[in-house]
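Both complexes below contain subunit A, partnered by subunit B and then by subunit C.
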Partner chain A sequence: MSDTMRYVISRIITTVLVLFGAMLVLFSLTLFVPGDPARVLLGPRASPEALQALSERMGLDLPIYAQVGRFFGNVLRGDLGVDVISGRPILNMVMDVLPYTIALTFAAIGIAVAIGVPLGCYAATHPNTVGDRITAVISVGFIAIPNFVVAIYLVLIFSIWLNWFPVLGVSRTGGFWDQLVRLVLPATSLALGWIGYIARLVRSSLLEVLNENFIRTSRAYGISENRIVYKYALKNAAIPTVAILGLGVGRLLGGAIFAEIIFARPGIGSLIYAAINTRNYPVVQAGVLVVVFLFVVTNLLVDLSYSKLDPRMSRRGGTGGRMP
Partner chain B sequence: MTATLARIWGSGTGRLGLVLVVLVVLGALLAPLIAPHDPNQIAVMNRFSGPTLQNPLGTDQLGRDIFSRLLYGTRIALGVSILSILIAFVAGLLLGIAAAYLPPRLERVILIIFDIISSFPSLVLALAVVALLGPGLWKIILIVSVTLVPHFGRVARAQTLALKNSPFLEAERVLGASPARLVLVHIVPNVSGPLVVLASMDIPVVIAIEAGLSFLGVGVPPPSPSWGTLLNDGYAYLDQSIWMAVFAGLALTIATLGFTLFGEALRDAVDPKLRTEP
Partner chain C sequence: MKTLISRRRLLQGGAALGLAGLPFAAPEFAFAQAGSSVTVRVDRDLQNLDPARRIGSVEGNILRATMRRLTQFAPNSFEVINDAAESMEQIDETTIEFTLKPGIMFHQGYGEMTAEDVKFSFERFNNPAEGEDPATYAADWSALERVEVTGTHSGRLILKNPAPALWLIALSDISGCIVSKRAFEELGSERMKTTVIGAGPYEMTNWAPNSSITLAANPDYLGDPPMFPEIVLLPIQEPQTAQLAFRSNEVHFTKLDSPSAAAALQREPGTEIINRDSINYVWIGMNVQKAPLDDLRVRQAIRLALDVDEILLAAWDGAVGRAHALMAPGLLGHWQDAPVHAQDLDAARALLAEAGHGSGLNLRLTLLNRPAYQTAGLVAQAQLAQVGINLELEVLDGGTYWSMGEGEAGENLELSIQRFGGKADPSFQTQWFVTGQIGSWNWQRWSSEEFDQMNAVADSTVDEAVRAETYIRMQELMDESSAYIWLTHEVNLFAVKDWLEPAILPNGDDWQYAHFAPA
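And now, the complex of A and B:
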């Protein structure tokens, strides 16, 4: 068996173990919910018959090991349960809002690349100049400030003060253009940290590549500096950036919660948030499980494609450091 | 120590970070001396006031002084960060060293547990736990520290593995030092250095998580003046007064920016090799 195959297989096994562990954690949390979950869901004035029926439907009367088995079996079959309040399958509720979160995530990543990559290129081609320093400070600032603070400042500046953008979320009846306009502020609030992160990443990997022999040879051949930077060096420097973008998608799926709440957008974050406020634990559990699933699977895909792009990476593992 | 501080002061961004950090820490320590009002004193006649001489940053929806509340909020932000990082530091250090010394099978188990914990985006894990178990200051500190343990544990393990077979430890062993002595006298101090840098870089992350949870209403329960709670109040009453949101956001910006700049300068000053990121 080749090294790559072995790496791929061990990575997949770990991912499956991690997902099982995460499911176990989420399941055991429900055991500690104060009070009887059925009573919490139905409220204090529910009839004993209704409580009994719900307990049976949720399997609360089973012994714990049977509950665990039931939970795992259901999840593996793609059954996340039925929402007690609306009577709808929870999986459908998640699938209804997921496209909004995914659109938000990709819009944020798009903005981050469109601004972060040029900033990083500028900084790397003008090292240790005033412009480079300013880029560095802006990047740290963007990474450091929490995205919900950014979101609120964006509302203050662009919606209230300048009145350029509507505050509220998605108009489901609105056309494509309307939806796009309403995506700008939330996506920007998420993108800002990643602009800083990508700018720093592109700067450092570009600087590293620009020091290599093949670049010096190209210079000696008299190839123009622009061509060297943007055609040859950037291509090599792009590898770590691509990997980070994959991780970014995973992290943003969970991080989108603030943007969704502040801008009143539908999405998986606001679904979880609403479920927390109504003590609708099965929905909280399922929502978190979906976020974790997407996060872990994107990480796996990133790792695997990374080891394909750059075989050295399979032995180096993680990027470490502070992410937005 | 002084050399490190001098090096931090020497870099432009490090100096800015240090100044902001000192401001925040002083705010937390001297809150009772500086605050012009009791942070929980309600003055209904004076709601939603803008900045005045009496209320330097205005008042909130109950007429409480925003400046005083933000000052006391510093204590919550720093208290939660320091305690949860301390717990994660110790637990990560012990687990990391243990992982390096245990047989491969048990080491695998510890690493898988780390993987499981980091498979939850930390805010989402905290949200799930608090949503299911109910809010509370100590719960937040504990959950946040759990999410940070893998961070410390992995570095501690890697450092221990690197040290484990080094000649000076070999010599100690030959001279008859007990395993306990090896770990306590040599491994722990040597592994702790890089962990301190990690810890300083985690402070802004924890401040953001605590404020985020409080912003969502599942963090430190009111009337405690957590910055996140203030920001949420400010957002809810944005049509009455913008000052709460503006200043609560500013406090969070100062603290997270300050600690991030400081942490990065500290890392560069102590050990540039730790610089695995751009």
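And now, the complex of A and C:
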């Protein structure tokens, strides 16, 4: 078995363990949250018989070990259960909203890359100039401003004042263009912080690479500065950025909740949020399971992609270490 | 062959994946023609459309528009008028005869509405089919013995006991919705949780989960057609987002959560702010079983130490009137002469000293994490500090807060700010304060045998004068307990486009989409 294969298998085993651990922690936490789920779900007029029936259907009458066993047993069979209120399969509920979250996440990361990388390149190629300092202030500002504040101001400026974009982040017509337009503000509000991160990261990585010997050699050969920066140096400086992007995708898949709430956009975050408020634990558990799964799988793919991105790593066993 | 993924390819792939997600994020939508539809904000998505197992007003309002009842409420009022019934007659205290209008057709070809459908709809509340959960709203039909079918369109409701509230709580409201027996049998009760087969003026034509719910005018509706061909409901959890969507004209009608929101939207062109007195009730309650609140003098002292008008001014910008008792003005049993307890700090201090708490005491106020309640809690904290009471505020999220009356948490509860929604019949308001509700919704854990007996009597007395008198006496008992400091019956605030005239029942949460009309 090659080193790479051994590494992949060990990462997959780790992924499964992380999933198991996360679900165990989550399940334990839900046991400590105050509030009778049946009562919260059914409301004040619910008859005692209805409350009892719902508790039984949710398995709340079972001992804790039985609840845990039932939950993991169902997950292993790929059965996330049925929502006790609406009667809908929970997997369907999650899959209904997941595409919205995926679209939002990749749009946000796309915007962040499109703006953050040029900003970082500019700062690295103009170190210690006024432009570099302005870029630094902008980047740190983007990182520091809470995303929800950005979201509210984006709505006030671009939806209410200028009337360029709609407030609500979901299309009723289902048309591609309408969906794209409605994606702009939520994605931008999520992207701003990442623009700052990426710009700073690209700047520092690029500065490091620009001091490498091969860059000096390229300059000595008289290759144009633009070619050196964008063709040779940026490629080598991209590895840490790709790592951060992988993390960002994973985090945004579950962490886009504020954008989903503020823009009234369906998504996995708002689904979990609503389910927590109503103590609909089966939906919470299924939603979190999917988010954790996507997070660890994304990071696994990013880790594995290092060896593909840089052949030198592949020769060293694809362990994801820094370049020599 | 070895394949390398370049960085550029990786980024291109990522972008392509993001864009590829877009078409999949497009479930089927009904198209809303500009100017032909009304867009309404609802605060959550629908959960269960079975009238017997509905969750709240989101489902209730959809069912009110898509289903028919024997009787219904007239627009904007609790006046009972016929709906599917051609005639309704209370033969005696326990018998109601009905005759259906012929030719009422259920949606989607499920046939004509008959008395058998009425029987099935009402009796299933207390006799669910095999495999069905018990009805959540079984209490609404607890007085029903059976429904006798006397003809295709006629029948008789036989009650176990006189039940004056039946007309307002069950027959004319959501529990009175007539479902298609055939649809339930063919589709199954699980499917009917997210499907409506009604016969009302609207038909639910589309539900995109967490996105929108579309009600389209029912072309086969037997009666005056609705004024708008389409009502679109948008689930928007965050009130601020709803207000912004209203300002950007993406929403035409929304309930507002505060007077300040109303003041902000008032300035918007083309906006009408609707301000209607409500029948809900907000109060500060005290757990009479928990020391030191088990001492009447302590409760009286707290009531005397609080300046309710000041609390209302701070928490609701003075935009709401003060409540003096449980029943709001206009309801049967409204206590016109209820005492107005004014702040008297000296008297409060004297009572506390008499109760052995002259050196002060520590108490806890439990409240929901809503801005108005939090402000009310802070003002109460400052006011009680003047008489030596150190009030700790316990601010909780909805899920935790609404379970605080149960078990050990309920026993340890001290003071709480509570808000309950009202309905047209006073029995709905009093039901939470009986002894049997201790451990559930009677958070004050106040128990009065006289109150319980009178509640049972008023529940089964047809004579309105007797009922009114009984309910007033029950409120007197509550006042004597000093366990309740009534704050307000609230106002219902709505923002609506000036071309739209909505129909809202007096409790503010129940809307009649079928009676929405152009202004």
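Operating definition for what follows: the second predicted complex is superposed on the first by the 263 of 324 C-alpha atoms of A that agree within 3 Å, B and C clash if a C-alpha of one lies under 4 Å from a C-alpha of the other, contacts with A are read in each partner's own complex, and residues count from 1 in each chain.
Quick note on the criterion: a residue touches a chain if its C-beta (ideal position, glycine included) is under 8 Å from a C-beta of that chain, and two chains touch if they have at least 3 such contacts.
None of these values were measured; they are calculated from a predicted model.
Novice: Tell me the contact category for A:106 with respect to subunit B and subunit C: first, second, both or neither.
Specialist: A:106: touches subunit C, not subunit B.
Novice: Who does A:155 touch here: subunit B (first), subunit C (second), both, or neither?
Specialist: both
Novice: Considering only the touch criterion stated at the top, classify A:16 as touching first (subunit B), second (subunit C), both, or neither.
Specialist: A:16 contacts neither subunit B nor subunit C.
Novice: Go through the superposed model and pick first if A:257 touches only subunit B, second if only subunit C, both, or neither.
Specialist: Only subunit B; A:257 stays clear of subunit C.
Novice: In the superposed arrangement, which partner chain does A:88 touch: subunit B (first), subunit C (second), both, or neither?
Specialist: second
Novice: Answer with first, second, both or neither: which of subunit B and subunit C does A:176 touch in the superposed model?
Specialist: A:176 sits against subunit C, while subunit B stays out of touch.
Novice: Touch check for A:276: first (subunit B), second (subunit C), both, or neither?
Specialist: both
Novice: With the two complexes superposed on chain A, say which partner A:266 touches: subunit B (first), subunit C (second), both, or neither.
Specialist: It touches subunit C, and subunit B stays clear.
Novice: Mind working out whether A:242 is in touch with subunit B, subunit C, both or neither, as first, second, both or neither?
Specialist: second
Novice: Name the residues of subunit A shared by its contacts with subunit B and its contacts with subunit C.
Specialist: Overlap of subunit B and subunit C footprints on subunit A: residues 33-34, 152, 155-156, 160, 261-262, 273, 276-277.
Novice: Which of the residues in subunit C come into contact with subunit A in the complex?
Specialist: Residues 3-7, 10-11, 14-15, 17-19, 21-32, 44-48, 53, 55-56, 133-140, 190-191, 193-194, 209-212, 232, 234-238, 240-242, 244-245, 247-248, 250, 397-400, 402-403, 406, 409, 420, 432, 440-441 of subunit C touch subunit A in their complex.
Novice: How about subunit A: which of its residues touch subunit B in the complex?
Specialist: Within the complex, subunit A touches subunit B at residues 14, 17-19, 21-22, 25-26, 29-30, 32-34, 133, 136-137, 140-141, 143-146, 148-149, 152-153, 155-156, 160, 197, 200-205, 250-251, 253-255, 257-258, 261-262, 272-273, 275-277, 281, 284-285, 288, 291-292, 295-296, 299, 319-322.
Novice: Considering the complex alone, what residue numbers of subunit A touch subunit C?
Specialist: Against subunit C, the touching part of subunit A is residues 33-36, 39-47, 49-50, 52-54, 57, 85-88, 93, 96-97, 99-100, 102-103, 105-107, 109-110, 113, 152, 155-156, 159-160, 163, 166-168, 170-176, 179-180, 183, 235, 238, 242, 245, 249, 261-264, 266-267, 270-271, 273-274, 276-279, 305, 308-309, 311.
Novice: Using the touch definition from the top, list the residues of subunit B that touch subunit A in their complex.
Specialist: Those residues of subunit B that touch subunit A are 12-13, 112-113, 115-116, 119-121, 123-125, 127-129, 131-134, 201, 204-205, 208, 211-212, 215-218, 231, 234-235, 238, 242, 245-246, 249, 252-253, 256-257, 259-261, 263-264, 275-278.
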